[in-house]
Each structure stands twice: as structure tokens, then as C-alpha cells.
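Note that the chains are named A, B, C and D in the order they appear, and that numbering of residues resets to 1 at the start of each chain.
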Amino acid sequence: MNLNRFLCIAGQGAARRLAVGLLLTTAGVLGASAATAASKVEQPIEFPHDTHAGKMGINCLYCHTYARRSAVSGIPPLQKCMGCHQNIESVKDRPRIKQLFEYWEKKEPIPWKKVHDLPEFVRFSHERHVQRFYFKQERPIQEACMPCHGDVKGMTVAEKVQPLSMGWCVSCHEQDHRIDNVSAKTSNGPNDCWQCHK
Amino acid sequence: MDHLNKEKDIREDIAWAQINKDVLRSLEKPRPMFWVLFGLAVAMFSVGVGCEIYQYRTGMGVANMNNPHMWGLYIATFIFWIGMSHSGTLLSAILHIIHADWRKPIYRFAEAMTTFSLMTAGLFVMVHLGRLWQFYYAVPYPNERWTWPNFQSPLLWDAMAIFTYLSSSIIFLYVGSIPDFAICRDNAKGWRKTFYTVLALGWMGTDRQWRNFRVAYLTVACFLIPLAVSVHSIVASDFAMSQQPGWHVTSFPPYFVAGALYSGCAAIITLFIVLRYTFRFEEYMTMPILDKVARLTFAIAMVWTYLNLIEFASVWYGHDPYSKDVLIQKATGPFAPFWWMMIFCGSIVPFALAVKKFRANLTIMMIVSLLLNLGMWLERWMIVAPTYSHGYYPWTWDHDQWPSFVQWGIVFGSFGWFGLLFMIFCKLVPSVSMYEVKEMVYHRTLANKHSREA
Amino acid sequence: MSTTYMLRDWTKLRETHPQPGPAAGHNEYKWAMAIDLDVCTGCNACVVACYAENNLPVVGKEKYSHGQAMHWIRIERYWNEEDIETPHQGAQFLPMLCQQCEAAPCETVCPVGATNHTADGLNSQVYNRCIGSRYCSANCPYKVRYFNWYNYPEQEMVWPEPLPMQLNPDLTVRTKGVMEKCTFCVQRLTAAKNTARNEGRTVKDGEVTTACAQACPTGAITFGNMVDPYSQVSEKWRRQQVELHKDQQDKDKNGGSNGLRGYRIFEELRPYPSIMYLERMRDTKA
Amino acid sequence: MSNINRRDFLKVLGWSGATVAVAGCGNTSVESGAETVMSYVQPEDFVVPGIGVYYASTCTQCEASCGVTGRVREGRILKLEGNPESAINQGRLCGLGQAAVQHHYNPDRLKEPMLRQGGSLQATTWDKAMALLAEKTGNLKGEQFALLSGGLSGHLKVLVQNYVDSLGSKNLYVYDALTPAVNRAVSQKLYGTATPRFHLDKAQVIVSFGADFLDTWVSPVHFASQYAQFRKAQQRMPSEKARGTLVQIEPRMTLTGANADRWIPIIPGTEGILALGLANALLKSGAAAKNLPAAVVSAVQAYDKARINKETGVSGEVFDKLVTLLSERSPSLVLSGPSAEGHAHGAQNAAAIMLLNVVLGNVGRTITAPAKLPFPQLAAAEGNSAALTAFNDGLAQGRFKTVFIYDANPVYTAPEFMKLRDNLQKAEFKVAFAHYLDETALEADLVLPLDSALEDWGTHIAAYQSGGIELTMQQPLMEKLYPNGTRSLGDVMLDLLKQRRADEYKGFADYYTYLKIALTRNKGAFSDAPADDEAFWNQALSHGVLRVKGQEQPISVNAAALDITQPAPTGDDQFPFHLVPAVRSGFRDGRHANLPWLQETPDSLTTLVWDSWVEIHPKTAERMGIKEGDILEIASKNGSIKTQAYLFPGVQPDTVAVPLGQGHEALGRYAKGVGVNPFKLLDPVFDQSTGELAMHATRVKVSKTGAHVKVVKEEGWSPLPINTQQGRKLVATIAADKANLSKEV
């Protein structure tokens, strides 16, 4: 267990992988496979998060509206995009917006590519995390999302910046987090295997 | 002084050069027959491999296990091979400590047997796993998932014990044969020369080397004995620690160890006869030695029988109706033929060893030893299967489950694998320890001189 | 389960005997059942419900004949030994599922800790962790653990298109070589707990139930939280004077002629099962 | 919400095999951008990905019409559960009902219309098919057309009826192999209503002559929940603080029999005699003979204990116990079931049995009349087997040119002696409205695939109404799997009607609008219906149940109308055994045999799976040297079947039982070639008064073939001839009077 602590101090990602790798090659391999480096994904429309979340400062939950209610954060329905863009004359002629309108006219959903994809046997709930770190702790939304999704303000299309691997999840679940913004009470994340494994 | 008027374990006038010559002959270019047998072993092994591949790709179902028959021949045979492995330790380590020097001509191949049967047993643990490709989850190493195996589980103890035992018995085997490697080196040519040169680690036979050698050898021997006992006790606790009727028995660990030594000795007799015949080792693997081994085996057989009876008694007079139920099923149920066969082979047949005339007859000894081994294998099977078919829960009783060809195939293959390793061994390592035989001869002559002077 | 947790949980969940509540490390929940055998008619509705909820494969005749069926809950039918000739008192039905033992024999023996105790008093089975040593099943007195002998998703009769569309996305389809068993529909429990947490409360009695209990036409199965003293299930246990942490109930000590029907199967083996059965009744005047 | 909208939010979202994980495939890392994630174009705000939405509908697996709610996620229907709103099943649902999803997703479902061309069925289009129907029915004389249908109710019944009328035909044959038609007829005579309400929960004692109300009879789920009340003493009114006692009298143990406090095996066909014996004894022991005609009172005199013992095989001691039980505890309830009614004198049996309710004064207490349905045209038309006989005769005489068959599989269910398969050939154009290519569809010239019950609209009114009358709504739970392949029968009927009476039906775009208009028009007939049409409609859909305002009516008794004369039991040396075609709750008349869940679910009593078997009493088996798994030949005058023997103590020694539902030659991969079909064996015996096929009157002989198989069953190996607990305390039993129920909750 002390060893674990050591690894924890050794920190996320590379450093720990190195440590592990030294200890046992197999582990090294696993570690490497688990924590894939940040990767840029080809999307049907190169959606500029930087403009929306950054320049416009739109709340993440405005578009990813299911995140507070459901396990999945949800890709905004086409209707949502149109809701604003129908009335924004200034950018109507931009190529990306054109694409958007095409989809809308065809009434077919945009085949977005998954960026943050978890293995199918993982039971992850956006709802719980948003409730705790956004509503309960009353942090700015960016802060609540950042630990997993990175600084989206700076990206055009979203990029995967964290390994999203088991050890990485556990490392955060083991730490104590404040219950809410008033009380000093803290608690750590659930540690039953069944909380995340389905 | 009755040992004088007995036939001698070994001729005292045998020349040391002669010993080298005889033993090294066993390493010479093999006869055609060797290749025939070798091919046979390979064939057997590949049957096993074939079955395993099939099972690996299709799933354990093809072994025709089910609920409740969760374990099958694999575990039974696993225990069998572990048992085998006790022979070497017994002969080399234990007898070494108690200075029974008649062991010297025969301990080398016994040790080899230990190592190889352990390797075979290890395979069965793997074969048994439903998800072989994930076996490393059972290895305690710090990993990305931050997970550890369950240190409460007897299976984990098993894995560790076996691994330790295997590695240390390999060391033991190797250390013990360094001086002989040196002899081989001095007599070998070509690639064999380099081969033995590497293995001999520059052994010159200086006093210092001999002193260190003795210490090292003794240390490993002492280290090995508790291991040998523990490893089979732990295998026993796989069952004793669980709470199934017929398994949950306190006397299991000693019972298992006894059984192990028993099957080990039986196997030694078999290989003794085989080697004596193939390599014409009549000079070294002499009848008196066989006689001693046989008597030892008989003794152990009786211990085993005794422990067996104890187990029955404790179950019979115990408070647990379920275990009693299982015992009755063993004796009367569908497994009865095998069970009685085991009793016969394990407790009746050994009485043949009590007869001097039989002990002197190689053919009979061969047959007996094989029967004993069969009995010991059946014993393991009779521990695993009946409890499953007749456990606590009557709704899941299943009396007509029978292992599929896959299970039989893999068990069959394991013998091929063992044979394979052993044959290779015989051609690379002197299967009789030359330097120790020399010692033995030397000691005997001294002893005689003294007794004559007296 | 990281080392920190491993060690902590073992001391907490294994050493103390399972008093529902914090003593045994059940902070908010201890899921348990009471099954009334007097109204269980053996109609198998629960079995089908389980197949539907938990993505159980239909193995087919040949594998069934080898005893490789995968039903997490099974209805057992016994006959009365007294009247073998004609069963005047009908048959005896018993729904048998994982008893979610508090000191589960299966947990201690798993070499990789794929099955271990959750803080809700469930006996969890983590498919990804399982390496298929089958020791847990070997050690289960009830034989309610089921092993994936084959890769069922690949068997062409099991889920031919479009049958897979029915599969429940809240839990996985198990691959070959892993052990599985009744989970008390943990996917439902987790969902209910999440909702409750969001509203800053604990799950109310009757808010969540298992598929079998929900389907049962006679309501023979009661499911609930034993930590909540007012839940139906703890009420039943209390009325029957069956206590989770005892391996022999006080009421049974003096011959047990007290007319109470509650009992647990193989209590004497000390697994401390979380399912209490209520004795089946028969009118002797009829 | 409009139909269009529904389609949109029932849309299946990005379904792929990967949506359901295969655990432990070991890939703990997932490559980004590998999968696409779909979203709705215009979402309904109550649809949230990752969260199940529940829609109310109606179960169509049997006639009980339980309310169901379907769990829909990402547009896929995952699971059916009971609808708590429905008074029929009160949120519960049997295995058969839950298996409906497997009808919907069944790999063997028909995906496109098929037309017989050159001897074989070829794929065709709906347009062609409809045109062909128009042509074939165009200039057809009314009597040349016949429609054979399964049980009908609600608006679909109206449409079908109207269509048949529009062709000027009288030949609408509503057929169901298993409805207790005899019971209905006799009830009609005695109580003045065919479907009286039974109050099991109010009864102290229930004596059931083969009525398997827990598993297969009339409305099992409803009766099961009533049964729970009946058993759980503490839930009953304080006045009657006893746990109800159930006595089951039948030749072969049903699930209900297995749950009885006393199961009494009886020689098949002699139930009436026993009933009259009871009546006699009860009257002697001073039961009130009021509203009993003198004729009856005198008639029962003849049935004394000795005779009962001799003719029914029920021992005097058992008989006495029963008499005391009935005379001591009141109210009681006596039920007459198929095994008593399935004889040439079935009606007399039923009459004799129901007479007991009059003798015991149960009528009006545990038996009451159902409320009156304001619109009889929607009332359930329950099928009966007399309809099949009539239909078959029509075919045999070659009276029909065009034949429609819907929701029935006569080729499979008709006994051999009817020669229905051959007779069917005499009709020149046969149309099968089907879900599968079953035996009947294979004989048809045109096969029209229908929507599954989970894709279709509809309304149902169960024949048996427990409380106030319920009209249950059926609505699609997901978009059609085969949008261009399958159609709703309602839509088809509308189109056909438009072919005949265009002006009358032009107002209705499709079945959906028809239903909506039809219901909203007379929403006055339903209790607490909102004034606004949309509100009413949405409420109807969200609740799935509409309560009909029907006024209660008193129940009448007319014992004089009953014919209770009992023929003397006859033997048959050549065919010594009685055959009981046992109904399995999972398969019913065989229509559900292609559902894998139901094939894999063990039979409750024998625990066998995936096959047929013949149940034979261990003693009889011993006498004939039969072991479990021996292949036996069961031969009647009309044919023979070969299947495995299962030694079953719950069967009367001169009786053998073979379960119904297996032995399909077609239907689908899970049903085809599994087991045998006892329908084929049945003797041409009919109930004299109703003309119903007497299902329990067949005599057979049993012989060993020498072959032997391993019986595939759930129950474990046992050293005893039957499976017991081997001394373990698994199912503990306590005498009811010993149990201390006062404390229980």
C-alpha cells in the first residue's frame, strides 16, 4: 500500500507509468495502453469550443444539457444549434455554419465522433459528478469539468487530455473532496467495484 | 553387524574412472529407440496442446464441466503432479540431512523429476483458468489499476508456494550437479564442451570450492524441506479451507503430504527401473537400493492408509451429516468403482512391497509402482469429483457428469510433456551423480576397513 | 479495490459480524430480502424477469443437458418424502438465488478479489476482474454462481439479430470464462441511489426493487433496505425474530415451537445469508 | 402528441452491437473517435439519453389483457413490466407477458408480404397484396368468404366485424383452442352471466375441479394476486381471520394443484359425480336448500359415499374431510375447470360442480355479476373450438372460396381427425395475417405480416373483468422494426373497408386516428375523463387504462336450468389410459413456442426444458417397467406420438399427461422440431350441449419403443424415485394452525 502511495506521489500519467514500468514490464505495458496521449479527432464539423465556451463564455450545460440529469452528457440536438444560429446573420455564410444548415435541412443528425469514450463495462455518471462539483460545491462550471475534459476553452474540437483509465479514476476517488461549499465536511469517491463496473 | 552379510548397496572395488565412463556413456549419442520414444512423447504432448487450444478458443464448456462440477480432472491431475514432485526433495534433501548415503546414486533423477513435475503442475493451474489470458491478475505487482490479488485465497498461496518451490528446487538440482558438469566438461567435445563449461561455472574441485559447495548444498537442502511440506499442505488447504462437505477436513494437509511422498516414491521406483534398464546402471542402481526404496515406500503407504482411515473415521463419527453423505456416496455412488480401485491400489497393492521375493523382482516392482501411481491419481480425482456431485445442495446434485475428451486429452498430454522434459534431461545431465557415488564408494571402503580392523 | 481500500474494507467488512448498520460498515444501506414460500406459486415469472433484466443468455437444449444453464434465479420443486405415492400436499417450491451472504464463502477464496463485499452488504461480482478459477462456485453452499462456459454472444442461437436490441445497456453481456450471479439488480440500486443522493436523501422504501420482486404475481418477494428500521423487509425480519448476525436464532434455541415462520437456509454454515424465507403452510384439516 | 411526433422520439438512437458491452474483453483503453454518437434532431424534452422512459400498453399474450409498461431507452423497448394502474394485474406480470419483447425482436418474424407463385411463397409488396385482396373479394358472394380469427375485442373487433359484414358474409369464426367455453355456457345458464366475478380473496375455502387459476385459467395474474390475499390471513378483514384453504381435484396436478393444501387425484370425467356426492352430503348435513329445485335435491340423493369411492376413486376419508371443511367454513368458492369440462358430458360436470356454489350459498358472496358494458360491440368475443369445427365443415363442403385467417394456427391446433390441412386446400384463396411463417401460413396463398404487439395500436376489453370494466390501451413502444414490411391489422382492415365502403371510412387516415376519434367521441362513457380531447387522449395513453362507467347488476341463480345427469363411467380395454393434454402457461396453444426464454424456462412441475414428455405415475411406470427417459409411444384412435417418459407422482395412475405447445413443423428456429404435438391425438368427442371439442376425453395406449434418452431437466439427480429435499431444511413446511400469523406483516 505504501508502494501505492509512492506511485500516487510519483503522480499521474508518464511519471507513474515510468515508475511502474521499472517495477514490472507488464505493468508498464498496461499503464501505457491505459493512458493514451491527447489525440485530435476528425469531426464532421470542426466545432470551435474555444469560440462558444471561451469567447462567448457559454455554460457547458447549456449545450451538453443532459449532463446534470443523466449518466451521459449528451451531444446537443441539431435543434439546439439552430436555436441560436438561425438568428445570427453575421456568421451565416461561414463554411461550418453552412454545413450545419445542410444537416438541418436534411433533418438528419450530425455523426459526431466520440472523443471521451469509456469502455462499455464502465458505469460512469456525469449526473453525479456535475451535481457534486458544480451544484453542491458551486464552482464555476469550467472548473467542474476540467479535471476530466481539460481546458476546453482552449480547444476547437474537444481533445482527450486525461487517460480515463481505472487507476486515474481511483487516484481521484481516493482523495477527500468537500461535500459542498458551506460545510467543511469532506468525503472521498465511492470505492465499491460495482460503483463503476457493470 | 547384519549389514555385512547382506548384499552390498554398491561394489567398493569399483574404479572412479569406471564410474565416469559408465555414467558419461548415458550422455552419448542416443540410440534410435530413444528417438522413437521421444517422438511418442512429442505426439502425446501435442494431443494435449491441441485440446488446450480448442478449449482456449471455444471456452471451458468443451471440457464438459458444469454447475456443480466446477473443477474437473485438471485440479485432480494438478495435485497429482505436485505430489510427484515430493520424491526428489525426500530423497535428496531429507535423506541427505539424515545421512542415508544409499540415496546417492538415485537422487539426481529424482530431483529432476521434482522440477519437471512441478512445471507440469504449473501448467494445469493455467489450463484450469477460464480466462487464461488474464492470469496475471493473480500476480501481486503494482500496476496502473492499483489493484492487488486477494491474499486470503488459498489459490494465491498455491501459486506463490509452487513458484517458490519450483525455483528453489531448480537451484537445488543445479547446484547439486555442478561438480558433475565439470566432469562432463572435461570429457566433452564440440558444442557440448561450451555448454558444460558455462554450466560448470569454472569448477576446479579446489578445497575452497568444495567447502563452499557443501555449505550451499546443505543450506538449500534445509530450505527445501519445509517448502516441500508447506507446498502440499497449501494445496491441501485449497480444499480444507473451503467449506464443502468432504473437503473441510483438518487432517487434509498431513494426508496430502503423505500422499505426495507416497506417489513420489512410487514414481521413483518406476523411473529407477527404467533408467537401470536403459542405461545399464546395474552397477549403481543396485537391487539393495531398490529394496530400500521399496521398503520406504511401503512405510509411507501405511502412513497414508492410516491417515486415510483417520479421515473416514473423523467424518463417520463427526457431527456433519453432509460429509458423511458424501463419504457414503463415494463408496456406493457412481464413483464407487474408482473409489474402491483407489483403496485397492493405495492400501492393498503396497503389501506386495512387504514381500522380499517381490522386491527382488523388477517386473513385479514395475507393475506395482505403476499401480500405486494409478491409485494416487485416482485418490486425487476422488477428492475433487464426488464432493461436487453430491455437495450441500441436493437440487444441483449431478451424478452423470463425465469429463470430456478435452479433459482426458490434456491429462494424457501432460504425461507426454513430462516424458519429453525427462528424456531431454537424461541426455544432457548425468542422471547418476558421479561425485557422490564416488564419495559413497570411498566411505563404504573406509567403513569396511575399520570394521575389518576392529 | 486499491490496497488502501482492500485493507480497510477487510477489517471493516469481514471481522465484525454483520449487524445491519454502521457496525458492519453498512453506512446507509443493507439490501436484503424476505421470500414468503406460502404464497410463492412456482410460476417462474421471476425467472423470466431476470432473463429480461440481466441479459442472461439462453443456452439451448444441448448445453442445458450438460447443466450449463445460466438462470440467476431458479425455481426448485421438491416432493414431500412422506407421501411419495401421491403428493396430497402438493409440491414444494423454492426460489433460489444468490443469498448475498454477509460472510460469503465465495469472497474469501477468489484469488483476484473479483468478488467482494460492498458497503451496501451486497456480494459483488466484477466480471472484468474475474479470471475464471471457479473457486467461488466451488465454495458456494447454494451453488447459485453461474460460469460462462462459452462465449454466448457468439453462439448463433443465443442472440441472433435483432434480439440483441432487447439487451439492457445498464449492464454488460458477459464473455466466456467469467463467473456471474444474481446481483440484486445492482444497476437499479445504483440508479436509485444516485437519484437519492442528488436530492440529498437516502433511497425510500419501495422506491427501488429487483426485477424478480417486481414481477412476482403474488408479491411473495419483499426487497428492501435493512438499515432503515421502518422498511417492509426489516419489519418482516423483526416480526419473525430472525437476526442477520446470528448463526442460530434465539427463537429456534428451545425446539422453536413458537409458530414463527422465518428461517434462513444453511444458517448453521455461518454465511449469514441476506435472504429470509418464510415457511410454507399447509392446512392439515383439508 | 401527434402520431408523427411519436415516431420521432421512438426513433432508435445509434444502435450498434457495441451499445451493449461484452465485459472483460480486456480492452481497458478505448480509442477516441472510434464510435460515433448520434443525437436527436428535435428531441422531446422528456426523452433523455441514458434514462429509461416508461410507456403504458396492453399485454396481448393471452386473453387476460393485463396492463403493461414498457421500458424504452434510446428508442429501444427493453423490458415489459406490469402496469400498476391496471386493476387486472396491479403492476405484476407473468413470464409469458414479459416474453412479449421476444415476439417483437424475434429473428423469425415475417419481414415482408409473401405470395404463392408456382407452388412456393415469394416475397411481394403490400400494394400488390392489397390490390389482390380487392380483386379476390371484389365479386364474391357473402357465403363464399370466411374469416377465422383468434379472440377479438375492442375496436379491432368492430373493424373486423364490419368488414365481414361489408362482404355480406356471416362467416366470422372466432376460434380459441383453450377458452373455457363450456364453463361460460353453463355460467350463463346458472348465473345469467357468462363471466361472473370470482372473489378468491373473500373465500375461506376454495375447491377447484381442475381450474388452474394460478397458471393458465382465464386471468392468472389477477387470480394470483387474489390468491395471495386469500393466503395471507393478516391482510383479510378482521371478521375472517383464517388463512384460506385450497383444495384441488383433478386427474393431473396443475400448478394450482401443486399449491393446494389438499390435492385430490380423480378419475377423469367423474368430477360431476363427486360434486353431486358433495352436494348430497352437504344437504344431509343441513346446508340450506333454498333456491334449489326439488328435482335437483332428489336427483343428488343417488350419490352416496360408497358410489363416490367406487366411481371416482376418491377415498371415503378424504371425502368426509372435504364435506366437513365445506360445511364448517364459509363463504367458500367452487370452481369448475377444463379437466372437468373437457368431456362429452362436460356441461353436466360443470353444472354439477357449480351447483355446489348454490348449495353452499356462495352466489352473491364470492361470486358476483360483472358490471354492464355500455357498448357491447366492443365486448370481447372469446373464441371457442366449436367455431373451428364449423369453419372446418365449411371448408370440407367447399363452401368457401376466399378465407382469411388471423391470430390462429388451425393447421397446428386442429386434431388429426378434422383433416383441416386437406380441407384448407379446397378454398381457392387463403390469406394468413401472421407474425411468423407458421404451419397455417405455409398453407396460405397470401401471407401478410403484421406489426408486433409492441408496434401496434389497439384497445382491449378483457372478457373477465375483475372489478369495474377496464378498457386497456395498446400503443407502440418503439418504431417499427420493418417499417415497410409489416402493417397493423387495424390499418389493413380500414383499407379493406375503404375498398367496400369508401364514403363511410374516408374520415379515418389510419387506425391510429380511427381509435383516437372513436374514443374521444364517446369519452363521456369513461369515468374521470378530462373535457379536452387532447388531454383525455394523452391521459388515456399515459395511464394505459380507461375505466368504463358500467352499472353494477345483481347476480341471479337459476338452478333449474342445469342439466346434472351423470353418465356411468366407461372403461376401454384397448386404450386403457386417459390422456390429459396439459396446458403450459408459457406456450398456451403453441403460439409462443418460438420464444427462447419460454423454451428455456423449466416447466414448473416437471422442470423439463426444450422438449415434450409424457407424465406417468411412478407406480404405473414400475408396473410397465418404464424408466425416466424411455421413449414411449402414445397411441390414440387417431394417431400416435413418441416422446420421453417422465415419472410424475402428480398424475392419476390410469392417466398420462402430455404438455401442449410443442411439436411444431414450422413457426421458427426455436420451436421447429422440438417435441411433439398432442393436439393431433385428440378423439372426435364433443360436449353434447355446446359442441366444444372435449379435450380431456381422449383414450390412449402406452407402449415402450425401446429407445432411451437423457431427460433434459432442471431438477437435480436424486437417489429416490422422485426429487426430495434429502433431509436438508430448504423448504420448511408448518401446519397452518401451528403458525403464529398474528405478528406478521
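Annotations
Note that in this section a residue touches a chain if its C-beta (ideal position, glycine included) is under 8 Å from a C-beta of that chain, and two chains touch if they have at least 3 such contacts.
Since the structure is predicted, the reported quantities are computational estimates derived from the model, not experimental observations.
Comparing per-chain C-alpha centres with the mean over every protein C-alpha atom, the closest match is chain C.
For the pair subunit B and subunit D, the distance between C-alpha centroids works out to 66 Å.
Centres computed as Cα averages put subunit A at a distance of 52 Å from subunit D.
Remark: subunit B and subunit C have CA centroids separated by 43 Å (rounded to whole angstrom).
Distance between subunit A and subunit B, defined via averaged C-alpha coordinates, is recorded as 57 Å. Shared interface positions of subunit D, defined as residues touching 2 or more other chains, are 19-24, 26, 28, 710, 715, 723-725, 728, 730. For subunit C, the set of residues that touch two or more other chains comprises 1-3, 6, 69, 74, 76, 116, 127-130, 172, 177-178, 266. Of all residues in subunit A, those touching 2 or more other chains are 3-4, 30, 34-35, 120-121, 165-166, 170, 198, listed in ascending order.
Shown here, the protein chains touch in all possible pairs.
Touching subunit D in their complex are the following residues of subunit C: 36-39, 41-45, 47-49, 51-53, 55, 58-61, 64-65, 69, 71, 74-81, 84-94, 127-128, 130, 153, 157, 160-169, 172-175, 177-178, 211, 214-220, 232, 235-236, 239-240, 257-261, 263, 265-266, 277, 279-286. If you check the complex, the residues on subunit B that touch subunit D are 131, 133-134, 145, 321, 325, 389, 392-400. By the touch rule above, subunit C contacts subunit A in their complex via residues 1-7, 9, 116, 118-120, 122, 124, 126-129, 170-172, 183, 186-187, 190, 194, 197-198. Every residue of subunit A that touches subunit C in the complex is listed here, in rising order: 1, 3-4, 120-121, 123, 125, 127-128, 131, 170, 174, 191-195, 197-198. Contact residues on subunit D toward subunit A in their complex (touch as defined above): 18-24, 27-43, 48-51.
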